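After this come two complexes, each holding subunit A, first together with subunit B and then together with subunit C.
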Partner chain A sequence: MEQITILEGRQKQIFEKKKGVAQPDIACDTSSLSGSVSQRACVFCGSRVVLYPIADAIHVVHGPIGCAAYTWDIRGAVSSGPELHRLSFSTDLQEMDVIYGGEKKLYHSLIELIEQYKPKAAFIYSTCIVGLIGDDIEAVCRKVAKETGIPVLPVHSEGFKGTKKDGYKAACHSLMKLIGTGPIDEISKYSINILGEFNLAGEAWIIRQYYEKMGIEVVATLTGDGRIDAVRRAHGATLNVVQCSGSMTWLAKEMEEKYGIPYIRVSYFGIEDMSKSLYDVAKYFPDRPDIMDAAKQVVSEEVKTLYPSLQKFKKALTGKKAAIYVGGAFKTFSLIKALRSIGMSVVLAGSQTGNKDDYARLKEMCDEGTVIVDDSNPVELSKFILEKEADLLIGGVKERPIAFKLGIGFCDHNHERKIPLAGFVGMYNFALEVYQSVMSPVWQFAPRKGGTL
Partner chain B sequence: MKHAKTATQNACKLCNPLGACLAFRGIESCVPFLHGSQGCATYIRRYLISHYKEPIDIASSNFHEESAVFGGSHNLKIGLKNVSDQYKPQVIGVATTCLSETIGDDVPGILREYKKEFKNGTPMPILIHASTPSYQGSHIDGFHAAVRATVKTLAENGEEQSLINLFPNMVSPADLRYLKEIFNDFKAPLMLLPDYSQTMDGGPWGEYHRIPPGGTPASAIVSAGSASASIEFGSTLEASKSAAGYLEEAFDVPRYHLSLPIGIKESDKFFSLLETLTGRPRPEKYEDERRRLIDAYADGHKYVFEKKVILYGEEDLVVAITAFLSEIGMTPLLCASGGKSGLLKKRIMELIPDMDVLGIKVREGVDFADIEDEAKVLKPDFLIGNSKGYTMSRKNNIPLLRLGFPIHDRFGGQRMHHLGYRGTQELFDRIVNTVIEQRQNASSIGYTYM
Partner chain C sequence: MLLRHTSKEVKEREGLTINPAKTCQPIGAMYAALGIHGCLPHSHGSQGCCSYHRSTLTRHYKEPVMAATSSFTEGASVFGGQANLLAAIETIFSVYDPDIIAVHSTCLSETIGDDLQQITRKAKDDGKVPEGKHVIFASTPSFIGSHITGYANMVTGIATQFAVSTGVKKNQFNIIAGWMEPSDMREIKRLSKELGVKIVLFPDTSDVLDAPQTGKHEFYPKGGTTVAELQSAGDSISSLALGAISAEPAAIALEKSCKVAFETLDMPIGLSATDRFIMALSQVAGVKVPDEITAERGRLVDVMADMEQYLYGKRVALFGDPDQLLPLTEFLLDLNMKPAHIVSGTPGQRFEKQMRQLLDARSPETNFRNGLQADMFLLHQWMKNEPVDLLIGNTYGKYIARDEDVPFIRFGFPILDRIGHSYFPNVGYSGGLRLVEKLLNAVMDRQDRDALEEKFELVM
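This part shows the complex of A and B:
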């Protein structure tokens, strides 16, 4: 078979762990190489995913139709009440708007939408073109906020002004404007915010329930099942618990600086990390040993039922090899541990937006021979899947067809998923999904497994 | 309550570059390339993958702030070089975006420079450029722009040969396979463009393919200029924007313009045209298909007669389905499209002169909020269109018959037939079944024969 080569401009973002070989730092945090078919999206995408689950606000995309159309009802982020976040609003800029400016169109759009849907707030996303034609979004938002009496928040998410991470930051910037504007008198001292949890398939509800069982008050979830009033009160919490570090660490740092709220990083994937995320919160309240006791109780109850149910999967999957390519690096750490707990090893680990520290840790965690990639692309992923003979790929919609074409299993671990993978129950679902895909008899027909073309 | 409406709410269209990317995927060994931000390529990939379930690599020049200020020339060239090195394509289809169009990049000029600067490197792919600003038109315009640009770049003059060009419009891979089968059975040499029947619905891979096999070879497109005729589907597609229009203008290849052949009458027109152009009668197999379809119409007519529907999608598809519905006695209360050619009503009027009497309403440039408002008043028996109508279907408890693109919430959209007797048969069966299911569900008896 023909050797698949790596582009020269990409080589520093790929690393294979080998004994006795100098281990340079992986290059990351850079913009994608032109023409490399990155799996990343843009600044707008970063902002849109972070704010998307806020369900009682309208999300208005200022630009031509594409950006709004491709993000309409795109995430599995569910709401327990209003569902304004599942609607797609766009100023749908036309050629004349590009020439003469889109401010009026934006103004009228906002006034009408707010009148029609009565949201608690409005987020206005700038797209590429708005950055060029120079619409004064800030001024329009101020005017509309004044006239309607609700927060109207510009999100500076012009697609080309950085990477997806800059979009996260722009979104957090808008959230910071809301935080600190709600009443906090009745918030318990034993309280947290859950940051970077988007309630995909109801995951935030699962996590929240664990913390509540421990006697912890959850002030706000940012942004899963999000509500504007909860965001406004987030500064009343004692501790910020940050998942999906890529998107929300900036916000946690800002809140620490402005409101003196410390933060810890957690992950809710896999038994080990899920348990740790409960213990770490409990440890933060040493004057209440009952919280730690309750945490232990939750973990032991959950593990008691979960552990035996995983053994069937472990038996079948032991020795199978996985490739991981997801958005944030923090998730990769958990997935490696979770896969190990069901007998699988990891031969490829990568992310779209990991930073230097993330990759250093990944290097430490991985077995020898594991390939680590930053901002990879279909050609590279295919190359390593084939060379390392992976049996499974974990990724999102764009990675799925690569796995299936090459005749290996696939687990959806992105923001469109409809099955909760977080929490203890999530670990069961994860193992089940991996098992159902890897062990399916359909692969016997795949050409690489002896099937005929 | 009726609200003033400036913003587009739940769009019933996609942006221009998406159509171009799909069309470029129908050329053999071609990588679609978007000159703009990284997000455009990624979002479009994701959107197409959710329908076609195939790997779809779309390259991007990945603009940064400097490119937006100083022009995207540098990024475009580096991008083309990297795509050439990594994919070794024979063709790169470059489509623009709102960003590169607004800053006014001279893409043809940049491509000329690129060819000069890199002529000694890797083999130079053929570079095609389609102008597809997202602030104009919709995805279907990008589709046609890419097909026209491809022909414009490649087609050459030559001695007339017995070849027919077919520009099928944005149809399913299954439709494309059917069209090829028809030409094969007529023993008529065919230049089908685009042909993503395999690239967007192919088999498993024994080894990695940088670019999936299939598609119309560039060499075949060269011959389009010396073909004896072009057939082009799409009643609102104007010659000035179409590939067949260009070939007629540049090389005197006669353009035969048909509606998408859906329903018996429109399919008959297509088959008659093929008989005329090839001088051969239609193969018996299609007579059989036609006979079975007429028989099915008879068997099912009572289920569908005077059923009222709302129909939406690309304008050409809406016109074609309207024609089909009118021949089985169904009434499209509303024919709606997010597109805005200005021709939708005219074309439907030509098909159904008494449309006003029948209460058929036509609306261009609408979104799903508009269609939903209409649905509340019109109370149709069901909806016909792509799967993006599901939200309103569920909310208003009106069944949805899915067809066209995208089908994101059902399996096998890429294998659905729409065209010819075979496609019409499939659609008719599905429509009848929709009615039967509705009746069965509504009945308290639980009939086992319907």
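This part shows the complex of A and C:
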């Protein structure tokens, strides 16, 4: 492989799987270097994406206007009822507030908002500047909660206080304050919470339906199509089923400690992992063999129609190569398997927030020659994509135009997916989207992969 | 009904902003810096700021948007960001190799008191800036003004930190672009060429944010004002600033630093503002307006006359940025339409005065507000009280348009759900034609949709 310029200090975050070469641990869980064109976001972003789908709460961003403006309804987290989460509320802090403090403004804003919108709860996000000027948002929240009678929950998400993962944790911390405050007497023993599923394009509905077909009660989905009352009852479930390990494992661990609810990690992407996530839940209830039977029934029914429908995509895509650069590492595992099932190999695999164990597993899974990266940047990504001759990039909003400039296909596996990619139907959608993009007629008109027509 | 909670009764709010009609300074600075050739914008703050700005610009342009960040940590926030910025400058030059780094601050770095002038000077003194390369800066605290303020501040930084006066005037004129699209900047260059006037346009995002598909990811696309052009701006005969809010501050600064006289014009959106632009440019340069431009104007006037009856009296609600709203409102009035409600989140008395002056003369009953709480919630409330036929604004208007079932024209920043703004200008006579076409399509499609069968017309 041609040597590429890699940021000094970045070498430890990149790795190429080669036979007979010592396999160092990848460096991860670190902040990006100053001066890098990182694809990552901040603590606030982490908290905002986790809590955002709770649709009957108001989400108030305490800070200058930008943080509220940029996160206004950018994530297609669908609600089946109220849609308060899709509005943008900000205290729009001004210079005088920075000097004299923004507590009063926050207080008035909350009182006005709660009167106007009558939400079930309010989440108050601190931004960078709130961390500096020292507003006591805990005190304001307590006061407003007392006066209005609804939970008013501070989220300590100052942007500079860590990485996006710390934001997930701050969000989970707020959720923990709600959990345990609702009635649980009528909850079945055969019940779960779905954690780390945000109902993008309605995915949580699909997953929920599978579990319900198995006879399992879903107490709360955290946080897709989320409702405050459901969150409050989440401690009544028997098992926590955690997807998107990065965002919700902390919450699962806390719930295990406080309420004795065990958790399992699952993924809903691809046939193999989707099936496993149903079987693993069924296995947890051995006294009810009918649940396992129902799970098998769901899988066999779904696969019976899905498998033949994938074959035409597989035929066209066999031998094509993919590059993956997504948020969480767990998703990468599933994507590798899903791509293999439609004949594609993975030549680049990376994530923004994977941890050491994730990368160890990734190394194990990948073929020889696969490049593995943590917290990459556009120069690296473009370079590796060209060198490895990828035909497809799977990523998020900032990666999409890069793929198209290079003349290769793209699939958004992030906030901007427009069709559900989870579940069995999601696998079909995924294959279709990959097929459409990789095999698009547009590429016959475009100079591809570095400039040849 | 996504906005079902919007109440009709308008109450003064204390502090709260609902659905803002603005965003913060740094994104404006980032956009302006992308209009300099070979420039990498740099966000001196937390990682999230840079990521959000890049994502928003990417959604608006469907183009890769490159920018670096100081990646503030808790330590930097306590001890100051100097070390981060110095390290960043070194890293950027060695890895991304731009000609220029354009640093802008954020609420975080401003509040902890980082002095960008001092830090960038230190970087130069310490030899971290390679020979022939540049680091410029602009202070862009998010808690003052709006994205427009940030744009103006970075354009001012560009003007003052590059332009030099050699004492020998060059036969050229500066055109300082207010916040407009790459397509608009391309059109300004075309019109100047038609007039035969040599200009230095800055910033210039054409061929940067509307780059062609080439099979390569060009980290620094071919467009953008060059350093040589910017340096020569100090020797230009005079400057035209297109926009009092987003462009004039740079013109003032350039007059101070290099004694280049300036004139401020409205952004040339619509007939009257384009007339003023063409006249001003032809006068300062002492050239005659060529027949081709007169013919372009004639085509616009022709269409305005042909279709006047369909636009007459239509009530319009609009929201957006000052320098665009002002000439757009004037154009609507020229088309015999009725601007009913106007909202801009960008604060400032200058704009307030300009708009009031226009409205007092031609449409005194128009509701207008800018600055704090001039948000889309307020606009929606006004529309509920006094309904309109048309809504004009950025993508976020689509919620109101849907709930109120009002035709909607996308105009301004950001446009996250349509294309076109990068490729087809709003400025100039051809931009005017495009606007008229859009206005007519919106109004006439609605007329067709709602017409009773016996009134459903073939010829319109």
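Please note the rule applied: the second predicted complex is superposed on the first by the 444 of 453 C-alpha atoms of A that agree within 3 Å, B and C clash if a C-alpha of one lies under 4 Å from a C-alpha of the other, contacts with A are read in each partner's own complex, and residues count from 1 in each chain.
Following the convention adopted for this analysis, a residue touches a chain if its C-beta (ideal position, glycine included) is under 8 Å from a C-beta of that chain, and two chains touch if they have at least 3 such contacts.
If you're wondering where the values come from, they're calculated on a predicted model, not measured in any experiment.
Annotation: superposed three-chain arrangement on subunit A; subunit B versus subunit C shows a clash. When the two complexes are overlaid on their common chain A, residue A:D412 makes contact with neither subunit B nor subunit C. Of the two partner chains placed around the shared chain by superposition, subunit C is the only one that A:E83 touches, whereas subunit B remains out of contact.
In the superposed model, A:D358 makes contact with neither subunit B nor subunit C. Contacts of A:A69 after superposition on the shared chain: both subunit B and subunit C are touched.
Shared-chain residue A:G450: touches subunit C; no touch with subunit B. With both structures placed on the common chain, the touch criterion links A:E95 to subunit B and to subunit C.
Subunit A residues 5, 7, 31-45, 63-72, 86-95, 97-98, 105, 108-109, 112-113, 116, 127-129, 131-133, 159-163, 378-379, 382, 397-398, 400-402, 404-407, 446-448, 451, 453 lie at the interface with subunit B in one structure and with subunit C in the other.
Residues 3-11, 13-18, 33, 36-47, 49-50, 53-65, 67-68, 75-76, 78-83, 85-87, 97-99, 102-103, 133-136, 138, 203-210, 388, 391 of subunit B are the ones touching subunit A in the complex.
In the complex of the two chains, the subunit C residues touching subunit A come out as 2-3, 5, 7, 13-20, 22-27, 40, 42, 45-56, 58-59, 62-74, 76-77, 84-85, 87-92, 94-96, 106-108, 111-112, 141-144, 146, 211, 213-219, 345, 372, 396, 399. Only residues 1-2, 4-5, 7, 9, 31-45, 60, 63-73, 86-95, 97-98, 105, 108-110, 112-113, 115-116, 127-129, 131-133, 159-163, 377-379, 382-383, 386, 397-398, 400-402, 404-407, 445-448, 451, 453 of subunit A touch subunit B when the two sit together in their complex. Interface residues of subunit A, counted against subunit C in their complex, comprise 5-8, 31-45, 63-72, 74, 83-84, 86-95, 97-98, 104-106, 108-109, 112-113, 116-117, 127-129, 131-133, 159-163, 378-379, 382, 397-398, 400-402, 404-407, 446-453.
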